[in-house]
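These are the structures, in structure tokens.
Two complexes are shown next, each including chain A; its partner changes from chain B in the first to chain C in the second.
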Partner chain A sequence: MLSPERLALPDYEYLAQRHVLTYMEDAVCQLLENKEDISQYGIARFFTEYFNSVCQGTHILFREFSFIQATPHNRASFLRAFWRCFRTVGKNGDLLTMKEYHCLLQLLCPDFPLELTQKAARIVLMDDATDCLMSFSDFLFAFQIQFYYSEFLESVAAIYQDLLSGKNPNTVIVPTSSSGQHRQRPALGEASMLEGVEASLFYQCLENLCDRHKYSCPPPALVKEVLSNVQRLTFYGFLVALSKHHGINQALGALPDKGDLMHDPAMDEELERLLVQVPGLVNSVTASSEASCLPSRTPSRVASPWRPLHHSRKVDVESDGSTEETDESET
Partner chain B sequence: VAAVPVPLPSPKMAAVEKRRPTVVPVAGFTDGGRPTVSRTAAVAESEEDFLQQVGVTEMLRAALLKVLEARPEDPIAFLAHYFENMGLRSPANGGAGEPPGQLLLQQQRLGRALWHLRLAHHSQRTAFNNNVSVAYECLSAGGRKKKPGLDGRTYSELLKRICRDGEAPEEVVAPLLRKIQCRDHEAVPLSVFRAGMRTCFVLLEFVARAGALYRLLEDPGLAAADRRVGQAVLDTLEGALQAGDSDAGAPTRYLEAGSRLGPDSLALAMDRAVVARRPGVPMTREEFLEKAAALFIAKVKPVG
Partner chain C sequence: MIPGKYRSVSGRAANNVNCGLHLVIQTSSLPEKNKVEFKLSKDTSSFPGRLLQHDLERNYSSRQGDGRVLSPSPGSKSSCISTTTNVTELCGLEMKTATSSLSAFGDSSIQTPSKSRIRQGCHSAGPNVSGDHVNLVSSSMPSFPILQRSSEEKILYSDRLTLERQKLTVCPIIDGEEHLRLLNFQHNFITRIQNISNLQRLIFLDLYDNQIEEISGLSTLRSLRVLLLGKNRIRKISNLENLKSLDVLDLHGNQITKIENVSHLCDLRVLNLARNLLSHVDNLNGLDSLTELNLRHNQISFVRDVDNLPCLQRLFLSFNNISSFENVSCLADSSSLSDITFDGNPIAQESWYKHTILQNMMQLRQLDMKRVTEEERRMASVVAKKEEEKKRESHKQSLLKEKKRLTINNVARKWDLQQNRVANIPTNQDRKDPDSPSQDPCPVNGSTISAFPEETGPLDSGLISALQGLSVTDTHLVEVDGDTLSLYGSGALESLDRNWSVQTAGMVTTVSFTFIEFDEIVQVLPKLKIKFPNSLHLKFKETNLVTLQQFNALAQLRRIDQLTIDPQGNPVVNFTLWKYYVLFRLSHFSMQKINGTEVTQNDMIMAERLFGILAHVASSELPQYRMISILGDARKKQFQYLLEPKGKKPGIISEENNDSKRLVGENTNRATLNYTTRDFYNEKLEEVKEKKKFCKMYIEDLVKEATEINMKNEALQKLWPQMFIELVRDAVIEIRNKNSYMKLCLQQITDQK
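The block that comes next holds the complex of A and B.
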């Protein structure tokens, strides 16, 4: 009932830990962008709806990427929204390419960076050519790991590089968020042919990393579990194992277990509601009071990527089908 | 309230942040950044004024103070609830139209007082006491026919509402209400009000915990607990409470009481009870809660 740590924290730390100021600031921004709303409904009502939408996780819909990734709650909400909106892709068994998944992501977040989608696709396709077809669930769980633990994975990549080049793990200096260093894809690709690094050594470094990492990282006990099953592993082998781990998915708390991904009758109704909103976005956003705090986007930007969805992808399965196999062996 | 430095989200900063997407392309056309910057500053300035004027700044400051005072587990849900309540009592939703009837006004006052009382847990002394004072002021405000001050009737009604919302069985809390209620026409001073509120909230938590304890003792098949075991637990609890009354200094008494309630001595007492006596009529949840609450209520000093 009581949590003494929470009560003992200095004010600023308490507020920072729970991102209170992030949301308050954003609420003010939204208010300034929707001044006409407050003359109609009042400020208190506006804030009530804003904070309720944050609680429900609908606040990230159609927002800019910088906001979507600003807090762990926003990231989890985005993952959930993505799953809820496009679950039918998985239900129909459609296989899509990386570019097509990227279009789906951009429907919810117009400036979603391609780089992140590419990285997620590399996890599914094990760093192979990224124009292959992927199942929805494979992509979703890989994307979840890549998106939610983005900063953590940057550091992991750096550590992996250092281990490959034979550096002493104790002298590893982890770059906080320099994405430049980790851009050396060819090096990683070659490395994976040398069967990666030794798992126990890798774990020691990661444990150390988890301790001092300021961003979210997966529960260390589960990372240990993943790494204790193997002798050696590659970077992408590690990411695949993370993305397929039930416990990590549960700890993250945004998505259901893989088995429950497709059937949820309550969600179907919800989905109907959301789908009605998406194509005719402008009208519904400004009309529905719930979405009044969302910025209205130009219809062309949001609606245009909708098209590629209607390609029937099932027929031309000309790729290696590797994702299908992994998918079926799981379920 | 102690002077807490309030880190208000800077509207200026927020505004600049927000403007960036629209400003950047403009900066691309004009080679010198200065005109754009000064325009941004001007926009920010006017937005800050706007926020001041419409009262956003003041409203957020107050909200943030409440968050810091109560330190809720989920501050975002807390804020949603906070603004929702504020919206309900804003002039747009009641004050502007026909003046509400006396009864409705009274209900609104009670609702507002309850909301303040629930903002912070009673163990957060300062926050809780502040909220009690605010609730007292809400209830004491004079109305058209009402004289300022809190009367016993309103106070009793508030106590009843708290107990009812606390989901404690009525017969369990009734003895407490009899003890701490005032007469309908009596004026209730703040000190009595505060003590009453705190006692009431503490009892509700006590009953909730006793309920949890009972669930552990309960035989799921019978929907009742072994009387010997239940009684042994209650006796141990009584012993611990009495140990708390002894003449030694307060910290020692708490330690003594705590050690009597420790799992080992409790297990010993339960074990002894089962061996020594024959099984009697099973004990129901209501009986257990009533007896446990009675131990607590016996310690409460009656009003007056």
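The block that comes next holds the complex of A and C.
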């Protein structure tokens, strides 16, 4: 728990950096929101519940966008929640438009901005034809990169533009600035003929960016891996490569590998259980199924409102791992 | 059938042969059975025992199936023989037997076995006497035969001459017969009327069935009363200027296209123009005595001037081309007309035919040869009244429809504007909003509503109910049509605040929204639930349904069986998943139809398969504090909307609140999937922002305090071991010299005392 870094920073900054403050603020805010209800159940219980849900990653469900994007952990949790909830849509094989994916996102986060979805769609479709249909996995991985690293990608875009237009964005910082400029010349000439920018130069800039970037960045080693495979690349080419790189996906830790994307046995089991109820719901009168549903849930909630969640153990294992990884990648 | 009738009547005619030349017209349909007896002239009595009965029109027309008996309707008195009998037998010829002459009636073409045969003079070289009495001698002019009769003949039938079926191609010169009053040229081949100008006392001229092409040579026959020119080739009515005393004019079976040159015939009683080529009827001025006008079998499509015939009683328009009453409307203005026929016209096929005619022509006694009964007349007037009402109603309705159309157009225009404006200048729209409610309610509750009961007063009760509550204003439209409540424009939502009658509210099962933002609709859904508890079918068109989560809002309703989302103005319908999402989210309604398509079990399963996990996650993984907050919001929201209409009794609120609680309980695992309108959501975020700010400061202070304490604590922890050592050392040093320490201690004790 007490990592050596902790001593390097004043306590307050440390807490802020690890987003503890964010969660504390939010917890108090939530408490304030539902003062009456929560005080009935006990404040201590509430805080336990709150921080448990943060650990499990369920705290972001139906929250406002500003909160969802506030911390890397929240972002990872949201990605995971999105995958879990709409995996079935992908499993069904439906190809959807950007707008429809956006609607699905909005089901989880009512004020999710369209802009982010649009950008993610652009990664998949490589252009502005955002009305095209996309597969669930394509969209999900592109969206993951775009959403989790959105600030990083913005900076990358700026760097890329600078490189394209011939400026060296890192002139001040890169020690071998003269050589960088020297190499810049032919790159500019080629840029007009070839598309994109030279990979190695681009990597230098990115490495630099990662060093000083205060938001989360993909691990530089993996970025290097992505860029080492090609000579030149375009911005969207880079993003596509990022989104398809399973190492980055692993480092991010929110989603399973592409191969396992449709695989979630626990949820499938749950779904089967739900499906069994459906025919009954149609055949018999609705009231009966509702009636059966009503007593089973409501009284239990009244009796032990803060009963532990069924899946806490399983989710704990998974999301704990992801949180740790996230934290690492963040540094 | 008709010929039979004629025959029977004709038998009577034989008995009446000596009645003299008079025409009896009986309008048997009159209840009082008044006979109009018309003597052709006083001097007919000068032919005692001689009867010339003629009925011009039916005379010939009967043969052609055209004959319509003037008076003898089936129930008519058979005593009125007059009409049908037609004795073409003329005096000059022997009436051998009654039958022979009678057979001439009704079919005048039947050969009368007259003994006198007139041969065409041109064929016989000499005076070829064909009969005993008549010699037809070719004159000096080679073309005209000269007719001469024997003196006995002349004496016997001094005033009549029959030259029937003599194969004449021209009129013979008739010499020394100035006293002739009756001349018959039936069934010859005469092409031109000539050589009779000297017969100035002629009263009756029969040229039926010849080949005359033009009316001519009659100018001197000033006393002519009956002119029969049926079945000829006349194209034009002309040269009748001097025949001022003409009583009967028969021109049936010709090729006349136009009624003309008859306005001077002020004594004409009967005019037969059947089987001509008339396309319309006019130019009837001046025929002041006309009582009967036969226009059967023409191509008449409209009739004018009939109201200028003061004596017209019978008008026959059968088998023409009249298709609407407007084309014959002048008939309504004729006060004398009592008998009319329209059979064989398009108009007679119409369902409204009879009562329209009867209603417009109150004076009518007979229509299509049937007596008009009082009952029929009453029926006609009732029907006509109804028709009139219907017309007025439909007019009113079409007015309303037009008004409705205009309003909808207007609303649509506003909507389009708004849609653009929302994107561009949202502030402008915001500014506009407070204005419109202040303007709109006035027309809604003021003029339109109050004006309505008055307007709808005379209408059917069914229509009133159909139109009830239809309020048209420029900016929105509310309409109740049967079981459908249609709302156009956002202003229309205010109508839900109105006091709807229990009946109307109960009847409405379909509610349709057009040109209204869905977010605005969401806000009135609780009201809708209360005011129209039976609404089962919701229709949305041009309501800006964009996202799936908007459907969440519908879950709060009591029940929905059908949902229709028009693709127009609702982009959400383009999504592949929308139907399944609706089914999933509104599964507690077990909906029957979505956009007109039956919901199948497979659909339900698919919906569950796609979104079941979402519900599961939302229900089982949502932290309880979030659950409370979300459900609490929903409850609060409903409270807020319920509290909006002021003056509500508290009892209702609590009741409804229970209801909403129940509803929420019904689908716990989906209840968390709810929809807050954008405005409301932003409002909430704004509210939360304040709290957040406070929390931030609070936490900041707390953490700062905590870190400070922690720092002090840590500093203390750091110092503590050294301090402890120092303390121990001091203590040890102090007690090193035991004796002196003891002394010191004792000293202290004594000092204390």
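The criterion applied here is as follows: the second predicted complex is superposed on the first by the 237 of 331 C-alpha atoms of A that agree within 3 Å, B and C clash if a C-alpha of one lies under 4 Å from a C-alpha of the other, contacts with A are read in each partner's own complex, and residues count from 1 in each chain.
In this text, a residue touches a chain if its C-beta (ideal position, glycine included) is under 8 Å from a C-beta of that chain, and two chains touch if they have at least 3 such contacts.
Just so you know, these numbers come straight off a predicted model, no measurement behind them.
By the touch criterion defined above, A:10 lies against chain C but remains apart from chain B after alignment on the C-alpha atoms of chain A.
Set side by side, chain B and chain C differ in how many residues of chain A they touch, and the one touching more is C. In the superposition on chain A, contact is made by A:42 with chain B only, not with chain C. By the document's definition of touching, both partners, chain B and chain C, reach A:33. Judged by the touch definition given at the top, the superposed model places A:274 against chain C, while chain B stays out of reach. When the shared chain is aligned, chain B and chain C each come close enough to touch A:25. Looking at the shared chain after the overlay, A:106 reaches chain C, while chain B stays out of its contact range.
In the superposed model, A:87 makes contact with chain C only, not with chain B. Using the contact criterion defined above for the overlaid structures, shared-chain residue A:55 touches chain B, although it does not reach chain C.
Looking at the shared chain after the overlay, A:229 reaches neither chain B nor chain C. The intersection of chain A residues touching chain B with those touching chain C, taken from the two complexes, comprises 11-12, 15, 21, 24-26, 28-29, 31-33, 38, 52, 64.
Of all residues in chain B, those touching chain A in their complex are 4-5, 7, 9-11, 13-15, 17-18, 21, 47, 50-51, 54-56, 59-60, 63-64, 67-68, 71, 73-77, 79-80, 83-84, 86-87, 90, 92, 121, 123-124, 205. By the touch criterion given at the top, residues 546-549, 571-572, 574-577, 587-590, 601, 604-606, 608-626, 628-630, 632, 665-669, 672-673, 675-676, 681, 685, 688, 691-692, 694-696, 698-700, 703-704, 706-707, 710-711 of chain C touch chain A in their complex. Within the complex formed with chain C, the residues of chain A that make contact are 10-12, 15, 21, 24-26, 28-34, 37-38, 41, 46, 49-50, 52-53, 56, 58-59, 61-64, 66, 81, 84-89, 92, 94, 96-97, 99-100, 102-104, 106-107, 110-111, 267, 270-271, 274-275, 278-279, 281-282, 286, 290, 293-294, 297-298, 301, 305-306, 309-311, 315.
Listed in rising order, the residues of chain A touching chain B in the complex are 1-3, 6-7, 11-12, 14-15, 18, 20-21, 23-26, 28-29, 31-33, 35, 38, 42-45, 47-48, 51-52, 54-55, 64, 73.
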